[in-house]
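One chain, chain A, links the two complexes that follow: it is found with chain B in the first and with chain C in the second.
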Partner chain A sequence: MTVDNIDLNTYLPIFIEETKENIQQISSNLLRLEQDENDVEAINEIFRAAHTLKGMSATMGYSDISQLAHQAENLLDEVRNNKTHITSTMITGFFHIVDEFEAQLNSLVETGEPSKISQERYQEILAFFSPSQVVAPLEIMEKISETSREEATEGECFLLEIFFSRDCQLPQARAMIICNQLASVGKLLETSPSQKHLAERDQLDKLTCRVSDIRPEQVRALLEGGVEVDYYTIEKYNCDQEIAPQVTEEEGGFRQPQDSTDNSDSHHDPLVLRHTIRVDTEKLDQLLNLVSELVINKTSLLQAATNFPLLADGVEHLHRLTSELQVIVMKMRMIPLETVFNRFPRMVRDTAMAVDKLVNFEIRGAETELDRTIIDDISDPLVHLLRNAIDHGIEAVDRRVSIGKPRTGTIRLEAYQTGNQVVIEVSDDGHGLDIEQIRAKSREMGLPGVDADAGELANLIFTPGFSTVESITDLSGRGVGLDVVKNSIEALGGSTDVYSRPNEGTTFKISLPLTLAIIQGLLVKCSEEIYVIPLSYIAETGIIFPEDIQTIGQQEIVMLRGKVLPIVCLNKLLEIEGPGPTEELSLVVVRYGERQIGIIVDDLLGQQDIVIKNVNWGEQFFRSFLGCSILGDGSVVMILDINVLLSVVRAREVNHA
Partner chain B sequence: MLKQFVVFPLEDELYGVDIHQVMRIEKMLPLTRVPNAPSFVIGVCNLRGSVIPVIDLKQRLTLPSNIDENAKIIFVHVGKQVVGMTIDSSVDVTSIDSDEIEPSPSLVTGIDSQFIQGVAKISNRLLIVLDMERVLTLDQLNVLADLD
Partner chain C sequence: MGLNNRILVVDDAAFMRMMIRDILTKNNFEVVGEATNGDEAVSKYIELKPDLVTLDITMPGMDGVTVLKKIREHDPSARVVMCSAMGQQAMVVEAIQNGARDFINKPFHPQKVVEILRRALR
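Now for the complex of A and B:
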């Protein structure tokens, strides 16, 4: 098997951008240090930046830069450990290092290669520091090449699992380098993810390789010399075996292959740098508010313009511009989920070790983007679900072996976008939920739906105080249950669901709105009042007649295509005064998780962009609603919270039961 | 030290709110009812692009309530919270030396003493200075969120 040449150029723009930031960081903190030589914070900042720079340049294979950064890092470490004190000569020396970084970077931008740092220049820089502070040059690269190819043991196969540390910069590139190095020392048989897919990954925490004709010491030398490998395992392996099925990748469905990466043979493309700036989120919020106002005004103009054909073109254009602006502002607020996901591999590993289980953790779709206000709040619920999966989902190793499952359990965290929603799934291949135990427990707690099907029963585990686990462990089972997860997801306008199959595993599914600020909504009218139903919940709309409505217990229902659909009448529910609907009723079918309910209203007024506004006083009076919005004519409307309507239906079912 | 108060009559008494807490005073605005909220929350209105809850101040102070077409809405802010309160028509601004405000709520008035910051005499009438934080604090309220 030949090893594909890595095209590190893919990462070059990122490297350049980040290095610029790090250099900037170092020089501004050097200036601070010049003012106050005891500024510990500044020293730490420089240290961090130098460390990052070292790691990234080593990954990219720019040994001169990384060596210089290594030197700087060591010098600072001396200072941090109070072994030496900052002098003005040292600061000047550091500035020379910064100058050299800059020179290297410029050369990199212009020629695609950093220039070589001459020995004289190196000595010139080091002259600013006392000889005792200077350390021996870094030997990562040399060490690896020395150990190559000698005394390979033939025929022996090893399974190598390499875990990258969380602060590893560009783990994909690191992984590619490791693959290349492994291939140069021994025979690289197979990797997972495959090398072809490595470049397409945004995130990587683990690389699995099958290698042969190599000695473990060689692997050790190769991995331990390098930076940012958290830990690795190596075990002897039967060559004929495939890498265990749970780690073979079936990539492709979630990411479009990028056409641009295919023509990698055109080597010296001029670098297209993406310029980024950092913006205060408050400014983004202000911008969003202004755009929201614009959207409201646009809507009122659209309405007004229907009477003035002359205005139609202009208003249509305004409509398009506003929509584009809205999309851009929304995108500006979106950040990829990987910012949250990145911290999980380590957590899962530690948790699994704590409970003595073997877990293979997979992350997919970390590039999926969500509004930052939502991202900030989903971390805790996900931690909860992952811990649950490890603690309750995955069986102990001997139990797994005894029922013929692979020793290592798999937990998968997967995110993807469907329409206006982002779905995050946490699934395990453990023993699944014990539906009978849930049924017994819900009977004990007097919950409704004891006779419900398995799907409905499974969702009862979100009920406060519901726990079928007898033992309390350090990790979960202390009463802070799944209801907390459900509540925090619902507070974000999302919904939770659980699917389970005995002995095959459990999947928790979280659906979240893409954004909390502007949604699509259907305006409905009840008597003289107007309400908004979020479009993302609507399954269908239709017309029914009063005689279609039947009553079971306290619950009104209609038959829709042979299925029972519980309905709520908005007029009654919201105590709306007025004559109420007469011969024709409008029915809006909404779905929430697996459930569907029908909402009866007088009339449907059509759909439009709804800017969600929240009140900042008396929130408890608005709990039945998702928020308020302002329509084009300036009037305020309330946005219905489907979950609240559903709880009304549930309450009626309890009374009936 | 002189302090300025926005002064308005409710029933037979004069009430005052520290002028620094008053954002705007508007004529009655179109309100949208908030279903299932307690009756003193009479709705929400659109104040220059923000959705602001409006309460019936007389009801909140346990005075008999009657909102007529002359009613005005006085928008006050406490911290970051903004609330509109309906008041009867006329509004005035008065300066009072803070020394003249008696902290004693022992004087008997028609409203719950917890809402009173102090009282002062202006031109032979009694001015009740409202403690806005107390008026807008909701912890002791029973929240009626029962949809059924």
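Now for the complex of A and C:
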């Protein structure tokens, strides 16, 4: 029956997503456990995640996954009950289990089916644990929940709040069934609404119960795996204390339990609260598209309204509402970097072990948010930089000791927001770049900046082909394919920088735009055409006069507040005809990594919201543009890709050098 | 699933019986019998001693709730899951008050049916 498969498939995306989360949970808590083998909270978290994984995969019929999760759960239970202690071998074993979960999940994503875990692999994993810890595989998953874990102690009460999902048919009937089931397993003390009233209810989204003589596992077994229950919370409290003496028949008739008398309760189940909904990302994209259209129309209305004072108020209001809507849509698309960063501790650990180095990995600012389209593509470059930092940045232990550094190297991954950019830094306290080697290499390759300062030289490691030369890789120990990193970051509208100090370490700095869809842009005029420069690149704008321009070598420059600012004409950059000499020139100063450069345009027209429409012509010329946009009057303008344009400038410098 | 997976399917519509049978056999349940009305359901229950009965609420003659009562009169530990359609809330509630283990709503979602039956069989 095909219906069966279709139905399973509707659960699949959620299953995959939640399984990922649970695997991540296990993985990060294993790392915690590795630091402190007595971290009870970490053990509990892993146990919980393994348990959820077991339940979900069993529901989906993925017996191999659930079997493995079952093992993990049991092993941890032994630990929880002090029957065995965590050893590093066990942790490695757990990591193998995590690997296997991931392999299964990958196979599931790719083929729609988890792969079979071979008996050899299974044994290989179990070999990390002592035979006495390993439990026999269970034929019937359903029975697992009944295997006795801890005896319910007399007088142990739980307050249970069950929230029914919107899809739940006849929640009041469902609530009655749950009451019956709870009563059959333990003692059902009270419910709200009362059982008597349940039957009369038309609608119900929450059931609150007090139960005793029951184990949380049994409650979980009853409530999990079904689609009717959205989520539930379970709290333990001492029922000798009359906590809810008078239960009223009204909604939520229970007072919150006060656990002041129960501070010693160590395995207090934290609330499983989720104030989020899952939305198909496609819908978010559609919403963004619609809002983008709205922004375009708003802009055209704003322009039109300047001629009709009567419209002004209404249009102004529309303008404000649209802006707010835009902000909200943008926020909805933001995901914390955590989702990417989470994977790294494990990777760093494994890489460090593989090259036999001691690395302490710190993550800061994981809560920093970025547009999901950017998040998706940021992982690979970061992996690259982290691997480099471990492999080439951090010195071997004896080397570190011999030069008086701590044995353990530190790698820090830090994210923070500045203005409408997000900066991600990967820094290590290793030996830094060998600037002299880079200088020698750049001379050999005929690159400019032989006289450049260390900062500029360091950035040469992003040059394509620079790093593939073996001597550099070995001696300076850096830069395997860093141009790839640079390219992927620039494709996201970001920029890369590197700072290094001999023997103190290296910092890679990635700057990314907050979002790719709607940006603030400066409209500029050049040879009768209008172009957009993203505001995030602009340091300042101003007016200069032709006589201000001086020439140093081949490079035109102006002095701006006592500093040399290289300048370039936009029409020359775009290789189009420029206007004749004018009395004054409009100058846009753009940031280019740590450098600044002035772009001369015919006129500055003002700034506004720009909706980026992607252009995929692939031609060399069009690569100078991030995309195009439609202005309020319907005209199409091109958005300049400053990174690409300025790499053209740099390439010319090279040729002239 | 072990041994307790013998199911008696009670429904007056052949289509529904076929559908339930398909869903169940696909998922390793054993459909030990089918009944098309209340009287037949009660006699087949006594004859076959199934682990679980799926029982349609609306049937000509004896309705599902009455059948439920009769079956549980004979065997108080009988596991019965009601099959209901939209708008039969009162009947479902009455059935649960009279000892039905659970209910499934038409149209059936196979996974959900399986999930509910497995739970009811625990």
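Basically, the second predicted complex is superposed on the first by the 356 of 657 C-alpha atoms of A that agree within 3 Å, B and C clash if a C-alpha of one lies under 4 Å from a C-alpha of the other, contacts with A are read in each partner's own complex, and residues count from 1 in each chain.
We take it that a contact is a pair of C-beta atoms (placed from the backbone, for glycine too) under 8 Å apart; a residue touches a chain by one contact, two chains touch by 3 or more.
Just so you know, these numbers come straight off a predicted model, no measurement behind them.
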Practice problem: Report for A:176: first if it touches chain B alone, second if chain C alone, otherwise both or neither. | Solution: second
Quiz item: So, does A:120 touch the first partner chain B, the second partner chain C, both, or neither?
Solution: neither
Quiz item: Which partner does A:636 contact after superposing on A: first (chain B), second (chain C), both, neither?
Solution: first
Quiz prompt | More chain A residues in contact [chain B versus chain C] | solution = B
Quiz item: Counting only touches as set out at the top, which of chain B and chain C does A:583 meet: first, second, both, neither?
Solution: neither
Practice problem: Based on the superposed arrangement, let me know which partner A:624 touches: chain B (first), chain C (second), both, or neither? | Solution: first
Exercise. Classify the contacts of A:280 with the two partner chains as first (chain B alone), second (chain C alone), both, or neither.
Key: neither
Quiz item: Taking the two structures together, which residues of chain A meet both chain B and chain C?
Solution: none
Exercise. Would you pull the chain B residues touching chain A in the complex into a rising list?
Key: 30-38, 41, 44-46, 49-53, 80-83, 136, 138, 143, 145, 147-148
Exercise. Would you tell me which residues of chain A are touching chain B in their complex?
Key: 289, 293, 296, 529, 573-576, 613-618, 620-625, 628-630, 634-638, 644, 647-648, 651-652
Exercise. Provide the residue numbers of chain C that touch chain A in the complex, in ascending order.
Key: 1-2, 22-23, 26-27, 86, 89, 92-93, 96-97, 101-103, 105, 109-112, 115-116, 118-119, 121-122
Quiz prompt | chain A - residues contacting chain C, complex | solution = 1, 3-4, 7-8, 11, 59, 139-140, 142, 169-170, 172-173, 176-177, 180, 198-199, 222, 225-227
